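In the two assemblies presented below, chain A is common to both, partnered first by chain B and then by chain C.
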Partner chain A sequence: MAATDLLDRVAVRAATRARPFWTIPRRDALVGYLLISPQLVGSALFVLLPLGLVVYYSLQEWNVLASTFEYVGGANYAKLLADPNMGQVLTGTALFSVGLVVLNLTLALSLAILLNQRLAGTTFFRTLFFSPVLVSLVAWTIVWQFLLQQDGGVNGLLGVVGVEGPNWLRGETTALLSVIVVQVVKNVGLNMVLFLAALQGVPRQLYEAAQLDGAGAWTRFARITVPQISPTILLTSIITVVGSLQVFAQIAVLTQGGPGMSTTVLVYYLYQQAFQFRHLGYGAALSVLLFLIVAALTLLQWRLRRKWVFHES
Partner chain B sequence: MKAPGKLAALSLTALLAVTACGGEAAPAAQGPQPLRMSIWTSNEAHLKLFNEIAAEYRKSHPQVGEITFDPIPFENYTTTLTTQIAGGNAPDLAWILENSAPDFVGSGALVPLKSKIENAGELVPAATRLWERDGELYAYPFSTSPFGVFVNTDLVKAAGQKTPRELMKAGQWDWQHANEINKAVAAKGKNGLTILNFDYKAWDNLATVWQGWGAKAWSDDGGTCQFNAPEMVEAMTFLHKAIFTDKSMPGPGTAVDFFSGDTSMAVAQISRAAMLEDATFKWDLVPLPAGPKGEYAVIGQAGIGVLKKSPRAEQATDFLTYFTNAANSAKLAAYFPPARGSVLTADTMAKTSPMLNGDQLQEVVVDGIQKGVVKPSHTGQAELAQTARAALDPLWKPDADVKAVLDGVCAKIQPLLGG
Partner chain C sequence: MSRKLRLGLYALLCVLCVPFVFPTWWMVTSSVKPISDIFAFPPALVPSRFDFSTYGRVFELQPFGQQYLNSLYIAAVVTAGTMAVAAMAGYAFARIRFPGQNVLFLVVLVGLLIPSEVTIVPLFQMFHTAGLTDTHWPLILVPILGAPSVLATFIMRQFFITLPGELEEAARVDGLGRFGTFFRVALPLSRSALGAVAIFTFLHSWNLYLEPIVFLSTPSKFTLPQALTQFVDAYGSPLWNVQLSAATMTALPILVVFVLAQRQFIEGLAHTGLKG
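== the complex of A and B ==
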């Protein structure tokens, strides 16, 4: 009995000793980590570190010219809550985002459905609608600035049909609408291509079966197309919502936040505070607010996916 | 933590440490040290002259390496400059525009210059006021450029109007007559008067008009808003009528380019004369028209300061001393009116000014600098300017209530003025 115990112990020890540290799973893990390390390091340096620094700066009062850097705790956040402009800025941001997302997704989906038909010239129109995506954003916006002037191209076209166009960039409502349209026309092609790819992935037999069952065009769209492309709708809506909250160059070129504060969206307001007015600490606090809004909206959409994305249910 | 996790964390920490080490200051530089000056002009003639002066300086200062003049677009000049400073990439020397002078001078960001500048006593007091604090000079008043009115005399005559110079001789060169001329030109389908850089946003340029009514943006001590004072209401009512009733000024959202020849008058600084070199029309430069309060002048300024943060502040100060001495001021006067009394004469400036004649230099530049006031500037000017811009926007509509809008401006900016 005792001899058997001893033998067992020796055998266990030998087995333990013989087992190398670099087991196959560990080696696989190491290779995996090494492969993703460039991305990991890049994210750490250029995403996580700046994010952490923004939070840190939001707790400071930094006077660039006087070279003073002073810890002020939550003072910048208290200022944010008491800022009389915040109501207007957040309302403007919400109007801008809702307008942009609704118009962009509706137009992109409509164009994709239209260009998914087997008709002559669809390739030309696909290229035409996608081409603005490739144009430099600032160049695109400057051209639109000329088109939207009182005596610009847009009003010239309206004049041909006897309509006297407004001074687009000088009216509060028309300025907001103009920035939305300029942004939508610039980027609608990207969402259109994504929708087009999704539409082409919908099995044709589903439509054939529905047609045999007597389903009309609208029923086929609502019951087959939308559920089938719902993952793409989720993706495009997340991209568009996040993008809409980060629109800057168009506003900087077209309106500089005006007239009044009608186009001063959150990202432009934080630019003004941080870089033009040199309130870098307060600008950082506004950045944190923007980050939280974007994160919350993305999370909300992600949570809601189970309810309306077909493949997630 | 499992081994691969530890390894990844260690690798990341090591990499961050190495990167952080890379951010340390470079070892003490050897050899000639370069200097960088941020400027707003990218005009080739201006840069050529700067580079010639810099090359001359380097001949006698071998310890100074390349001197770079780094143009930053005017529209975002101060924002870009302060972002460079915040990012640890501050230039050694910088032009400073007058609207940010109180912020730069008051912050202690600049090196004191009074004892370094050659013969500082001859600088015209009107030119140095903005750049001084407690008797010390913090930036050299490099360009003291009065606003004048560039006139397209071809368009004025074609509209059957007397030219401004003829009106000056008759003692009738005032805003009412100027408005009549521009109204007549506009009626012929061309543009009337434009105020350069205003574009219904940069409202401080309107000081070139409202000064004629004796109006001010705020009180001299900077503490009280004056936008709704009677003088300002009158001046703004004049402008509003000119834009929306007489159509003698292009309205908001209209692109105008005086230098292409389709506009009768432009209020601008004399440095813009360089853009008329290839003009295909006859033009003149005259002083600002008189207002109800009589004749007046408004000057725009730019100073050059040395950033305290510069590791080469001493060499930069020495170069600035050379760059702005009397001999170089006379050369630079071709484009940038000097603040030195000894060279601020029409005769001296006429020798180097390629575009303007003696009368124009005397009337607009020499007289203008002597009696001119600077555009409004205040500590925290950028925020003030933006807040006032937003509050003034409702004024640029045909049915605006001028007094109500100006009351609104004061309601918005008074808290920023400190009251």
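== the complex of A and C ==
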């Protein structure tokens, strides 16, 4: 018994040596699969499965009494189309996103250009502009809530220059504006740093050559700087557009969607419907809408890149 | 650059700085002001005298120490977990060839496209069914394995792609296998990218707000952002002085640590995959 066993093993080993199964590419592939497995399983469980489920739940509605889901077909989508609040929510979301993206990107680029000048102390100022990124979001928002009151610090500063400020968070327009500004000041440092890195990568010779040819400051900016940093503009605008649709904590703390519904953006409305009113099915339908908007905007920007991104890495 | 222009630029920078610096300065100084100073109009830039009594009240009104610990340990676990998951997957996607690689990478990348708000309803249902609501599990598992870690994986992949192939060949000639090459050669070289990922992930977890208020209902399990909004009187109006002390304790230590580490952060950020 033992002898044949041994013979078998020798035979197997000889065969393996002749044509080893675990070749280097095979071993590599195994290691590859092992290394990506946590991320892959996680994606399946916490991204793809919920994405499928959100569509499934959007066809159901939560029955509070029975604590179960009931199939309702397209009722949630019909409700979405007929929802009298929807017009205001979508307008508010669009105004908020456009305002935030425009203000954030222009301010980020302007600050980056300012800090890219040959000036002593720019590192110090970079730290100052960047510091809100590192302050806890809710703490930051609470402070601004206090500063934006009728008799708060913002109006105090305005009073110094003789302007009487409004009650920022109580007016419909000023509330929306306030949430945008609070969010931009909090996060613009991130885009500023990315722009600064891009600006520092633009070859100096280009500017020197253009200057010899008599190009003015604006021409140099429009014809050299913008095309050269266009990949970064694309990246930051995608990040900022998607980020603007995710703003939740600031609104929950500053305005709770008010006054009226002026700051009720889609994410906040989704939260209210799903978790405050327990319309989980309707919340799921709103989530599907949010997903479609984000996907469409990302795709659009990605398509546009061929048109205005100068070179691709 | 002329002297005049230089002075003008400095003045501009100083004015622009105000909204970035004043709120933090005001939060920290107000937390040690007597209450009459907080409501002084126009606002006082420095406290007229120091009053630390509200710091004590923070801990009387809520289990703030416990909540601080919750936020700290959740952020630490999430950061360590994300670094591990992202480094492994990023390395494999960048440097190893295996069948189905591109398709699997696209599957993972879907997570980048999906804001976590989109999946909050089904995730709530899933954890509810598993009996894990009002626990910290959703706040730990979803960030490490779900959509938030995909960005980290992407950053790590972009970094590992730039590593010169000769390094790996040399490692192989020296007899290191794939795992050995990953742990002993690639990983130590990725310190700057890993540092950026770590800081990103920590801040993301530390700032999480929607998920805690959806998943948690017991005050002793709350995380800091959620706890901060709970310092209100019987009518729901904020207790400003207490809230500002709690906010200072939440924000200041992180701010100080990261400002000290900012070189690592900003350079890591600029030199990894986030650069266009």
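What we mean here is this: the second predicted complex is superposed on the first by the 274 of 313 C-alpha atoms of A that agree within 3 Å, B and C clash if a C-alpha of one lies under 4 Å from a C-alpha of the other, contacts with A are read in each partner's own complex, and residues count from 1 in each chain.
One rule holds in what follows: contacts are C-beta pairs under 8 Å (C-beta built on N, C-alpha and C of every residue); 3 or more make two chains touch, one makes a residue touch a chain.
As the structure is a computational prediction, the values presented were derived from the model and not from experiment.
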item	value
Touching partner for A:Leu114 - first (chain B), second (chain C), both, neither	second
Partner chain(s) touched by A:Trp168 [first = chain B, second = chain C, both, neither]	first
Partner chain(s) touched by A:Phe146 [first = chain B, second = chain C, both, neither]	both
Partner chain(s) touched by A:Gln256 [first = chain B, second = chain C, both, neither]	first
Contacts of A:Leu304 with chain B and chain C, given as first, second, both or neither	neither
Partner chain in contact with A:Asn63 - chain B first, chain C second, else both or neither	first
Chain C versus chain B, contacts on chain A by residue	C
Touching partner for A:Ile229 - first (chain B), second (chain C), both, neither	second
Partner chain in contact with A:Pro50 - chain B first, chain C second, else both or neither	second
Partner chain in contact with A:Ala209 - chain B first, chain C second, else both or neither	neither
Doubly contacted chain A residues - partners chain C and chain B	29, 33, 40-41, 45, 146, 151-152, 275, 280
Sites on chain A touched by chain C in the complex	25, 27-29, 31-33, 35-36, 38-43, 45-51, 53-54, 56-57, 111, 114, 117-119, 121, 125-140, 142-147, 151-153, 156-157, 159-160, 181, 185, 189-190, 193-194, 196-198, 201, 229-235, 242, 245-246, 248-249, 252-253, 267, 270-271, 274-275, 280, 283-284, 287-288, 290-291, 294-295, 298, 313
Interface residues, chain A side, partner chain B - complex	21, 26, 29-30, 33, 37, 40-41, 44-45, 62-67, 146, 148-152, 167-170, 256-261, 264, 272, 275-278, 280
Residue ranges of chain B in contact with chain A within the complex	3-4, 7-8, 11-12, 15-16, 19, 79, 82-83, 85-86, 103-104, 107-109, 200-201, 251-255, 308-309, 380, 382-383, 386, 389-391, 393-394, 396-397
Interfacial residue positions of chain C with respect to chain A in the complex	1, 6, 9-10, 12-13, 16-24, 26-27, 39, 41-43, 84-86, 88-89, 91-93, 96-99, 101, 104, 107-108, 110-111, 113-126, 141-142, 144-147, 149-150, 153, 177-179, 182, 203, 206-207, 209-210, 213-214, 224-226, 228-229, 238, 240, 243-244, 247-248, 250-251, 254-255, 258-259, 262, 266, 269-271, 274-276
